[in-house]
Amino acid sequence: MTTVGQLINGEITVEGTRQQAIYNPSTGEISKQVDLASKKTVEEAIAVAQAAFPAWRNTPAIKRARVMFKFKALLEEHAETICTLIGEEHGKISHDAAGELQRGIENVEYACGAPELLKGEHSKNVGPNIDSWSEFQPLGVVAGITPFNFPAMVPLWMYPMALVCGNCFILKPSERDPSATLFIAQLLKEAGLPDGVMSVINGDKEAVDTLLNDERIKAISFVGSTPIAEYIYATANGNGKRCQALGGAKNHAIVMPDADMDNAVNQLLGAAFGSSGERCMALSVAVAVGDVAGDALIGKMQAAMQSLNVGPHFDANNDFGPVITQAHQQKVIAYIDSAEQQGAKIVVDGRHAKVLGFENGFFVGATLIDDVSPDMVSYKEEIFGPVLQVVRVQTMQQAMDLIDAHEYGNGTCIFTRDGEAARYFSDNIQVGMVGINVPLPVPVAYHSFGGWKRSLFGDLHAYGPDAVRFYTKRKTITQRWPSAGVREGAEFSMPTMK
Amino acid sequence: MTTVGQLINGEITVEGTRQQAIYNPSTGEISKQVDLASKKTVEEAIAVAQAAFPAWRNTPAIKRARVMFKFKALLEEHAETICTLIGEEHGKISHDAAGELQRGIENVEYACGAPELLKGEHSKNVGPNIDSWSEFQPLGVVAGITPFNFPAMVPLWMYPMALVCGNCFILKPSERDPSATLFIAQLLKEAGLPDGVMSVINGDKEAVDTLLNDERIKAISFVGSTPIAEYIYATANGNGKRCQALGGAKNHAIVMPDADMDNAVNQLLGAAFGSSGERCMALSVAVAVGDVAGDALIGKMQAAMQSLNVGPHFDANNDFGPVITQAHQQKVIAYIDSAEQQGAKIVVDGRHAKVLGFENGFFVGATLIDDVSPDMVSYKEEIFGPVLQVVRVQTMQQAMDLIDAHEYGNGTCIFTRDGEAARYFSDNIQVGMVGINVPLPVPVAYHSFGGWKRSLFGDLHAYGPDAVRFYTKRKTITQRWPSAGVREGAEFSMPTMK
Amino acid sequence: MTTVGQLINGEITVEGTRQQAIYNPSTGEISKQVDLASKKTVEEAIAVAQAAFPAWRNTPAIKRARVMFKFKALLEEHAETICTLIGEEHGKISHDAAGELQRGIENVEYACGAPELLKGEHSKNVGPNIDSWSEFQPLGVVAGITPFNFPAMVPLWMYPMALVCGNCFILKPSERDPSATLFIAQLLKEAGLPDGVMSVINGDKEAVDTLLNDERIKAISFVGSTPIAEYIYATANGNGKRCQALGGAKNHAIVMPDADMDNAVNQLLGAAFGSSGERCMALSVAVAVGDVAGDALIGKMQAAMQSLNVGPHFDANNDFGPVITQAHQQKVIAYIDSAEQQGAKIVVDGRHAKVLGFENGFFVGATLIDDVSPDMVSYKEEIFGPVLQVVRVQTMQQAMDLIDAHEYGNGTCIFTRDGEAARYFSDNIQVGMVGINVPLPVPVAYHSFGGWKRSLFGDLHAYGPDAVRFYTKRKTITQRWPSAGVREGAEFSMPTMK
Amino acid sequence: MTTVGQLINGEITVEGTRQQAIYNPSTGEISKQVDLASKKTVEEAIAVAQAAFPAWRNTPAIKRARVMFKFKALLEEHAETICTLIGEEHGKISHDAAGELQRGIENVEYACGAPELLKGEHSKNVGPNIDSWSEFQPLGVVAGITPFNFPAMVPLWMYPMALVCGNCFILKPSERDPSATLFIAQLLKEAGLPDGVMSVINGDKEAVDTLLNDERIKAISFVGSTPIAEYIYATANGNGKRCQALGGAKNHAIVMPDADMDNAVNQLLGAAFGSSGERCMALSVAVAVGDVAGDALIGKMQAAMQSLNVGPHFDANNDFGPVITQAHQQKVIAYIDSAEQQGAKIVVDGRHAKVLGFENGFFVGATLIDDVSPDMVSYKEEIFGPVLQVVRVQTMQQAMDLIDAHEYGNGTCIFTRDGEAARYFSDNIQVGMVGINVPLPVPVAYHSFGGWKRSLFGDLHAYGPDAVRFYTKRKTITQRWPSAGVREGAEFSMPTMK
């Protein structure tokens, strides 16, 4: 059986002490195993990064950026391989994996602009003949800890920017689907990255805690669930590290009575069920304003969902695939059960989805639930499955109050044709990423990604402009030159007097 | 006896339950007392701010900025009063107080540029007919906790920027010298700030802990000693607040053999002894490179120090005044004692300074210590007194290694005429604020202030551009408009068909 | 009779050779005369500015900005005097003059941010140990030539930014209403501007041509009619000067069928007739889409116009005042005549406006013309009077085609509630300043003002961010320091070897 | 014989009416001929570009940037071919051609950052519920006219940025060495650029004048000699086009007495003689401050020049190759003659350079002239050959006065180790691009290129940040949404009431 190892100093190694099984969620079978790094292995990766830092830091930004130019080309060249690896371990359909990879590549593209992004501010004459300027210097060795749901994209949110800013990077990807992440990182060597500047550590809590506690690690970027994000943030901060930790979400769409309903339904299909709802930006709640809108939404959604296909990752005709594990499959189903028990109406029921030939796969069918209320468990918690819940209200303000009362504030969307409603919503809603007729308002790579409230711990958002500030520290220099007589020049005709 | 009270909702109130004495450090006598706010009083201030927030947030940035335009004029108009209040409670000489106030006003001037500083980024066509932009929205109610050594300037680092970004602000100044701070804050009302948007709470740990634990407070800015900064940062973060906490310093100047020595000595006098060394940017260590430079430095400093005057705040002929308390006076003297005991050479001894007519004032004379080594207590810790210690090394690299080995990384300076030495130093030194022939490289208000290592906890520096990012949260909006048929127009000739 | 003189080197002088009458348009009488500068006088102002330049250029930006802080306060203090002067010579009602002044002051406020606006870009390590940065240096002596219609605002678009960028400035205001302009400029001395840095030259073509041809003038900003703008631009450029020349306009509003018609009418009243239509951003054409919208617009406008008052400047109950001269009054009336002759329908006729007690004032009443077509003279040319012409079309695209076919491209507006219509319009229309339900989309001072097509000659717009680039030249510095052995230090222990 | 044709609409065509010979300067023989486009052909290219514009303008910036990502890879892949083409027609040695190409590619890299560079400024609440933002929209069809000396680099300064900003582009390269330029442009198709968006027109004055006079061309970028630059600028501006026209240079290096002389000499060798001095940034004058520095400079230069090799382009051992034409060879020699006749001292004489086997090549040897004075013809005019002239002065100020008195202000450099001299020089010298110990201070691609005085006509510099502003026009949008009742929502439960 293949063992997925560690990438340290440009080489793949297998420690061989502890392993964990990797499943193919489409079949439910174990396909590989992953090596779990010990503290010692993680420390070796840190030491190697520490050693590589001085030279990498002094490499001109444009040369660091050129590694990313080549990396982008290599990612495009190997896209099919990467998408297959994603599908085998995550279950994502190939077109969805390709979309994920593309969003990841966009972060590499942004990192190619490092020389522009790293420009400091220069002020002439802050006082008479005194100049001052700011530089944005790298932090040193920094780390990223990433979740299973985007094994290509989320790591690419982090290290391209960290690297071009002059840092060395250690990545700890999810142990459930590490292969695509590792394959991608190996391309960096071919792209020209010096060995040691970037390492990938597969592991579990031991690896994570080593990263959190080693003082040579200067910053941690994390994406995962809110309880873990909170732990990571507190521990990293307590250890004097910079940290940004992205957690859970419960993204609501408001469907206004004036919305283009066919368009809204079409958009919601992908936003709610794509990638089996295992996206932190998945739209899991639709809030219909007024009964007319509510009835239309339920009716059209129900009809549209008939043609959705769930099945194995390799069949591009499928709309979405299995969830990540059997345990998670059961958890999603339990949420649907609880909604039913608490009085909601299961309009389309995906609990008993069967995929011919893949009876052991971890499938859940697309599910639509009406008459959901804010006190239900299924509303309060993040389901992370292909479940769209509909809440009905009478006014837009009620819809907004619901959203603002939720503990998460990641993404949200409004469907309307009205400029004023859109503007009022986007201005006032307490959510970090807002869509106007855009159901998955994931910011493009040249903006930054971040939720509000308990969806993000930290000051700065992920990728985009904020990433430059996160991965650098500001140094401000103030300079005055006293006269050394050189300008007068004549003195210099007689150098013996010097 | 005058009681310094609380400024809440535009009114001064005195709770009257607990008080603390305020001393005049020049005379050693109690001059006033300060009311110490209870938790209840702090919560009232928070409630008032919370109520004022929605309207203030919606006030156009230019109108918020105009409050600062008037505030600047009022500060200039009342400068003399403010400087007197500073002198009476802090002991700072009037010209030094005027300098402090001026640096504070510069932050007000910067805040006047809010409409420019708050511009978000707009991207047309992030996809076909999809636009995206970022807004920087205020956090809500935020707080500042400030130290005794700059009762005018440090608060002005914080609230002008916080306010123009649309936040409401609660300030907890030092209880040792609160009067100038309070006087200044009262001018905001005359400047047009709505009541409740800004409150000043005088108090002690009870007030601080209320601010740290109340969930309505969204961010804390702190300046003080490193242990407290670390506590504030950990607590605020643990409570889900944004925080920047500035701590202690041990600022070194490297004196290179090619330095203009007269200029260096002249600069060091002010940087080491100004404000009795009670500045987080005070230059407290000079590192002489080579014996020739070292001997010249000691010789010229010793000579120059003869003409320094220490005495009461109101006499502008004095170069610096008393330290803040009798306890601190004793602590500074104890540091000098320890240096002597550990083998350093007291070249100029300020331990027995006597000021005629002010025998009970908390005075310490300017002190110069040679042959200091890194293992001495007086070198490791922040003295915060008028003491300049000289360390001698043989190379610039040794000097830099010393600086990098110290726990603090606030400010530093090099005296040299050589472009390459200056560039190597400013590039590599692990300190956040670097001077080249500038001994107090406090960034001007349109750059940002922040040390590295244990001198600052947090991602973002104080005031300047970083303050905009600190006092706002990023919201990214992605917008697509579906066609509603309006553009075709003809449909609208018959509105009944709509 | 009062003679309005020249402001040179901080003093008002009267050359006394040639004069021109200044009228009070409300009464039709001559009220003052203005001194017309000879070439020699203009050259003296240039020489004085040239002499003042080196010191002003080297004044730190923050100190230059502080002149503007005081200038703003003085403008606010003297607002009433300024508005009276405007009214007496221009005819503008006091509330309108106050609005003009306020927009001017906003440019002064923006100029206060000079230290931020003048920051250059700094790049560390553009190559190994090579740094590079850009500075924005002042041009030298620059000039502004401004029109009669905004004697306070348009000059304030120019010189505050030019001055804080480090330039010296010579202003040639309109000879029809120079008093407010001159009064304002005199406040600069009190605000702390050194004598000679700014001069005001009253004059005619002789003065203008001197400015255009003197090689010491490095840049010209002009606002006026398109033929003159074109001449100024060509001549200035031919003489090696930088130039931005703003010309005429024909600003259209599209009224969509879904518009809030009451709001649209209310907005159009002010935008079409305010300041007697003598604004380059006046809305002079309304394009109604569909007959229903057209009929509603005409009906509601006609009704609303009944309550408009035209009369002398000093009566705040008036909505607008006279036009600038008798000749211009006749010209406006002739345009209305021509529209009538060419087949348009005069719905409200202002040709025979009589103001009791001011029978000789240069009044034209508010005029509404329906059924205007693009081939009419009154449509093709800029009327610059209180005349709103309505064109009727059937689709939004037809409305946009009309606008794009016109030679001018200054401002435009759409009235709609539909997000998609607004976005399509603002994206595609060939006009530089676009309003969505905002009839006078004059950019705020922290954006920049500029039309497209024949409304502006030059690359850069007026005021705001573009003004920084216009009033400075870029200098890029690339720096590498060869080792001089200073860093090694040991060499310096034996200075005799130096 | 090969005929170099036109690239229009993605196809190479040969009009065949008029041709001009292309020489191989290393052999002196005719190698190819170039087709000279008629007015009709140019107009066809314009029409094609005009047609391609709407779709290209609406292509998201990131997609336009991706064409540049591929273009960069193709340029690197075909580098050898390109360098050979440059060598054959220009005479440049392969390593020099590779350097040129690399600088060109850096502009392509910068253009890849288009989505970041095109961000507009967004202001929330410029007034109550009114937002305003700026967009930078493309101009339409723009053109570039480029010189023989950098057939790869200078075109790449222009069109990558113009294209990613959304413009269509027509390039008119030098007719002396068009092949490399054409080859490069053909790669754009493979990189994914739609046909018609970019055309290359080979031709002479007829082609140039067509571009200058056709109103569909919205902007012209030009690099060449100052008289032509002035003509281009005046004509383009007169025709309502935006223009930037870069002209000639006379770049001085100041050699200070404290300079590291070996380093200075080493740098000057390449800067003066590289590419036979046919660079607008070539260092053609060295100003020695003091006789000691002057004598050392002459002595060391003379010695170092012994090892310089001049010869054919294909031999990488050569340091530089022939000049572009026989006529130019004679002109360079005539300048050396004139210097000699006017009293200068020819220290190293390159007038009689012979290259074995290439006796008909257009070679001029490296020439060093001492005792040059400002009144000599060879000093006043641009030689554009491998000639370094030395002027001797006694003070740095005299050296700076010389530079400031020259009509050109392109580049300059100072050799010194002194921070104050460097700062004074870079601050005050009237030259746009300044080197401190950097003899060819060509700004990197993420800064902008531009001289001062008669070295550049126009407001904005070439490439880098200024190019974004040059190739776009600013549109400012101000938006307010009137309430349409949609937010209240309840109204919408009964759509029949709408």
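By written order: A, B, C and D. Residues from 1 in each chain.
Simple rule for what comes next: a contact is a pair of C-beta atoms (placed from the backbone, for glycine too) under 8 Å apart; a residue touches a chain by one contact, two chains touch by 3 or more.
Every value quoted in this text rests on a predicted model; they were computed, and no experiment measured them.
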| item | value |
| --- | --- |
| From the options A-B, B-D or B-C, the pair that copies A-C, where over half of the contact pairs coincide | B-D |
| B-D against A-D, pair bridged by the larger set of C-beta contacts | A-D |
| Label of the chain whose CA centroid is most distant from the centroid of chain C | A |
| Between chain C and chain D, centroid-to-centroid distance (C-alpha), Å | 36 |
| Whole-Å gap between the CA centroids of chain B and chain D | 48 |
| Interchain centroid distance [CA atoms averaged], chain A/chain D, Å | 42 |
| Shared interface positions of chain C, touching two or more other chains | 62, 115, 119, 121, 123-124, 126, 134, 416-420, 422, 436, 444, 446, 479, 481-484 |
| Of chain B, residues touching chain A in the complex | 121, 123, 126, 130, 132, 134, 233-234, 237-238, 240, 242, 260, 263, 417, 422, 426, 431-438, 441-444, 446-450, 452, 454, 457-461, 465-466, 469-470, 473-484 |
| Touching residues on chain C, where the partner in the complex is chain A | 58-62, 115, 118-128, 133-135, 416-420, 422, 436, 498 |
| Residues of chain A defined as touching chain D within the complex | 62, 65-66, 69, 72-73, 106, 109-110, 112-113, 115-117, 119, 124, 129, 131, 256-258, 289-293, 393-398, 416, 418-424, 427, 444-446, 479, 481-484, 486-490, 492-495 |
